[in-house]
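Chain IDs A, B, C, D and E follow the sequence of writing; residue 1 opens each chain.
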Amino acid sequence: MPIKSEPVEVNIGPQHPSTHGVFRMVAMIDGERITDVKMIVGYLHRSMEKLAEERTYTQNIPFTDRMDYLAAMTSNLGYCLSVEKLAGIDVPERAQVLRVIFAELQRIASHCMATGAFINDCGAWQTPVMYTFRDREKVLDLFEMTCGARITTNYMRIGGVAFDVPDEFLPALDMLINDDLPFRFEEYDQLLVGNEIILMRARDVGVVSPEMAINASLSGPMLRSAGIAWDLRKADPYSGYDQYTFEIPVGYNGDSYDRMVIRIEEMKQSLRIIRQAVHILPGGPHKTEVPLAIRPPAGEAYSRVESPKGEVGFYVVSDGGAAPYRWHVRAPSLINLSVLKEMTVGQTIADAIVTLGSIDINVGEVDR
Amino acid sequence: MTPRPLTLITDNWYDIRDLSNLSGKIEELIRDANGPHWAVWVVSALLGAIGIVAFIGGVAIINIWIERRVVGRMQSRLGPNRLGPFGLLQPLADAIKLMQKEVLQPKAADGLVFSIAPIAFTVPGIVIMAVLPWGRNMSLARLDVGILFILAMSSLGALAVFTGGYGSNNKYALFGAMRVIAMLVTYEIPSVLALLGLVLFSGTMDLADMVLFQEKFWIPLVLVQPLPFLIYFISSSAELNRTPADLAEAESEIAGGYHVEYSGMKFGLFYAAELINAVAISAIIATVFLGGWWFYKLDELVPGWMIFIGKIYAVYFLFVWTRGTLPRFRIDQLLAFAWKWMTPMAFANIIVVAAEVLIWDETGASAGLVLPLYIAFNMLFAGVLIVAWVRFMGPRFSRFPDRLRYFDRIDVPSLPAMRAPAPAAAAPKSGSGAPARSASEGGGDLRGGRLVGGPRP
Amino acid sequence: MPHAATVMLAGATVAERIRAAVPDAVREVAPQWVVLEPSAAFEAMAAVRDDELLDGKYLVELCSVDQITRIDVVYHIASLAQNHLFELKVPADHEHPEVPSVTPLWVGATLQEREVYDLMGVRFPGHPELTRLFLWDSFPGHPLRKDFLALPGGQKAGLSQFPKQIVGETGGEFRPRRPGTGE
Amino acid sequence: MLPEVLLATVPLEHVLILGAILFAIGLYLALSKRNAIGVLMGIELMLNAVNVTLLAFSRYVVSPRPLDGQVFAIFVITVAAGEAAVALALAVAIYRHRETVNIDEIDVLRW
Amino acid sequence: MITDTGIVIAFYVIGASTVVSALMVAAVRNLIHAVLFLVITFTGVAGIYIVLSADFVAMAQVLIYAGAISVLLVFAVMLTPTGDRRNAETSFQAPALVLAGLLLAVVVFVIYDTDWRIASRGQFTTTASSLGRAFFSPYVVPFEVASVLLVAAMVGAIILTQDEDEEAGHAA
């Protein structure tokens, strides 16, 4: 008869230093091992889908910034693409290239945040977060230069982008992507990828098998770390992504370490894309003229975009009116959490925190 | 005492290079005034104690500032620089803030034990300072069993941590206390064995004699014994609960560890104790490995204890450096690392050192020939052992190729459709494990036109 | 070989594959989607998932649309291997919507079905833990429904104008009061 | 270490009495405590008392090798450490099988 | 030369505090407090060793008793049920008291009855090296036997506290 240790219920969150926002995980632990995990979300639920039904299509764009507030540009892009698909609006060439540039810059900023927070969960005293945030600041300065806001950018419009880039944008972007960021990413490679303690803490922690990844409809780094080469920019090229040559990094056994290394590699690939995009940036209008209260024909459209967290999809149903009849968002953070239980049960609390950090959820997107 | 040729200031009392002259002068005064015999003892003991307490007080304040500035610089930010020049008054502000905070005590806490814990945690750090040699003959207590005294005192720390964890009657605190004790007891063994290697080599347990040994053979022991330095540094960073082994207050896991229930000056004492213990351990490393106050005749010009403090802060920087960069071990990895690597390495090291001492004594060879040979051999030996451990005993990640695969187009392997874990197919309408959140629990509803009640389980 | 860009399968091809497996599952075929009979929905979904041509192993997205007379539960299913996507709809009664849960087929559906139950009120028998995802249990009604807090004249209610509600009279399930209809 | 002529001031008898008192307390503890760990504490105390008397003899009494007392004291300490480990392991094992550590209830020899 | 009053004072103070804390071990109700008082007793006894100028043994005592055995006791108390943590006595308390008193009386009588041959020893400082040499000259065999005993104790303790599944693990 082993020494009886009664299971203890431990609350991780909502005010917990390492959960990303107000996300609460109730874990039943026996000694060090977790026996059961229950997820409680909804602390940040603003019922955006109900609000969107009472605002015009253009007024809904700011909602997309505040969902995944770490990747506002890609959410804007997803929503504008679905409305353009519904209303059959074509986007000028310059706008498409600008959209790609800003989407990739946003990916770099979001992955910087994700990598820094993940290492912080492994226990490093905020040192990596400071470095990754320093690089993220430079990207946000570029956003502020063009659209005035750093995080809730609200930069994309139906039919193109809100403003054309100012003159000093391109030289600043050129200096950033050629002289500054490549050396930073080399630093991350040396510091983080080979670090033995991170290897010990992240290897074989939160493992997802390829079958489970597909069955649980995971997307983004979660899917690619399980060994499935699936990236929407290659599978369903939108906004001119097929003209650029870049590669998708794919992991081997779906553990937290693979996800971290994939995010760092993706940042390098984004740099490649931005260089090619800047090279072929054409002149011309940055937006087609679209009436402010656009009334797309009755019908529905579903379009999706590869955001740093995964596949962000917008399912817009219109009844011909000025406001969408139904406005649904496929939130990758919420769906990526469906495997949290399979990944953490049986491991220790420390591993559960590391696994949660590697999934890289954004509670604004989970709760909408 | 050997005459010192290069003495700028003759050997009278205001020679600050060695404060023992000062105490010697005071003893003379007492004897002239033929005071009682024991008065001499009391006075010299008081002088030493005042010196140490002043050092401890200064260190506890200065180190807060140093640690925050250095870690700040490592994180490419400035660290505190608002209060006073270069933020020097910041630690004072912290201390005052802590002092005026109310000291809370949980209701069901064990009063006596709860308040004794921080004191018991501070005592070892301070007491260790008494045995250290600050100058040529400037040490408060030249114990013949110096190193054993240090080990005994540092082993008391484990109990103090337990009393803190148990006394605060809090699930997290007890959880943290148990973890810390397991870690402290485990890491005591490698540190004892590492110091044993040094005692063997220098033939004495008295710290002052050890420094004289290093002065006689003109070599700091860290060169001769690299492996014990490594082992002692890692195991003492575990004993001090500093990253990479700060399991006790692993915020991301159990919040706060054993001092979660403390507030006000009690928490301040715990925090200061951590710093004092860190300085005590780095002082030991400085004495035993880097040759305390001795530095190639420099102690003729500069007072010995200044060199010693310089070395203390050199070692202290190492601790802060690891704290600033390394992530944290998991508890089982930490303990496995101690048992599977540190202890066997320490045993191997003792055997090698014993052999070396035996050869040295039997052949009676001169130090000039033997020591460089030993340095080379020990360095090689340490390198071989580390590589061997990483290759065979270390965590094996060979089966995961590190580099990722790169695809320029999508490629999804055709996988069998996975049978999801079949939940009870005909689950009753409300789901099998209806959690406690049934509707009858009541709570927020639309009373008075105001949405009442936030999200609750 | 996967298509260069994701192809949206036409309703007809999907309907024809489903009829081959489950004869009476298809209720209506539209150019972009197929409407399934609620009764045979689960078998149709299983057939779609295991069919080699359709190969619907990846449930992209699951949501619900309130069409006043009925509530449609919309499934977007895709095959990553062949890079194509198709849409299925399962209609359910407006007052007591009930659609069989697809969690036995796709684990990804668990949280999405709980969200649909929470915001639209569609029950999913067979779901392991069908409870509210975002709102607290005693929240009256399901906010995404069109009739939620509808004010006179059918104008959609802004969230700030809440009519008074007498506690206890209507029990747990809060029925929005429709002036003029007397109930 | 400290120069002292202890002889004239602290007679050997006082030290031995101290040892005897500690031994008596240890014996009382060992015999009267209900909890097995209480009994172990009593035994540890008795061993300490023995050590005190040993060192007193080694310090005061005439003998060819005065240090033998200290050697013997160290042997007593090592044996006591081993004994404490095994005894506590026994206590935990007993608890695991019989759900209790009270001496009164563990009086049946058959498991 | 008058003797060191400091040492004498030290002896009586430490002796008194040790006896008081030993009594507290018996008297205090909570078992954890009893363990903590026992630790105070151990350190007090180490103080007495220093007064008897046995430095090495004093340090060994603090290291082994106050450092290790006390942690062992605390772990044992933590592992056993909280119900038994009251420091209660068995019914055998009164006879135990009488027995201890009688034994004390006998020993005190013996102490004062025999005439100890007090050695008029002046400076008596034991250095660790002299103790070490004493260890190896006549007592080499007991030294080795002690190490064997410690290993046996360690193995015994581990096997005794093994869970069933761990044993099964090894057996399989």
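In this text, contacts are C-beta pairs under 8 Å (C-beta built on N, C-alpha and C of every residue); 3 or more make two chains touch, one makes a residue touch a chain.
Predicted model only: the values in this text are computed from it and were never measured.
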Leader among chain pairs (count of C-beta contacts): D-E
Centroid-based (C-alpha) most distant chain relative to subunit D: C
Per-chain Cα centre nearest the global Cα centre, belonging to chain: B
Most widely separated chain from subunit E, with each centre as the mean of CA atoms: C
Intercentroid distance (Cα basis), subunit E paired with subunit C, Å: 74
Inter-chain centre distance, subunit B versus subunit D - centres from mean C-alpha coordinates, in Å: 33
Whole-Å gap between the CA centroids of subunit A and subunit C: 26
Of all residues in subunit E, the ones touching two or more other chains: 1, 4-5, 55-56, 60, 68, 75, 79, 125
Residues within subunit C bordering two or more other chains: 2, 57, 80, 83, 106-107, 132, 134-136
Two or more partner chains touched - positions in subunit D: 1
Residues on subunit A engaged by subunit C in the complex (per definition of touch): 41-42, 45, 47, 49-51, 53-54, 212, 214-218, 228, 230, 235-237, 242, 300, 302, 304, 311, 313, 315, 317, 325-326, 328, 330, 334-335, 337-339, 367
Sites on subunit C touched by subunit A in the complex: 2, 4-6, 32, 57-61, 63, 65-66, 74, 76, 80, 83, 87, 106-112, 115, 119, 132-136, 143-144, 156, 158-159
Residue numbers on subunit B that touch subunit E, as the complex places them: 37-38, 41-42, 110, 112-113, 143-145, 148-149, 151-153, 155-156, 158-159, 162-163, 166, 178, 181, 185, 188, 205
Sites on subunit C touched by subunit B in the complex: 2, 49-50, 57, 80-81, 83, 103-107, 123, 125-132, 134-140, 162-165, 167, 172, 174
Residues on subunit B engaged by subunit A in the complex (per definition of touch): 71, 74-77, 171, 243-244, 246, 250-255, 323-333, 395, 397, 400-402, 404-413, 415-418, 420, 435, 454-455, 457
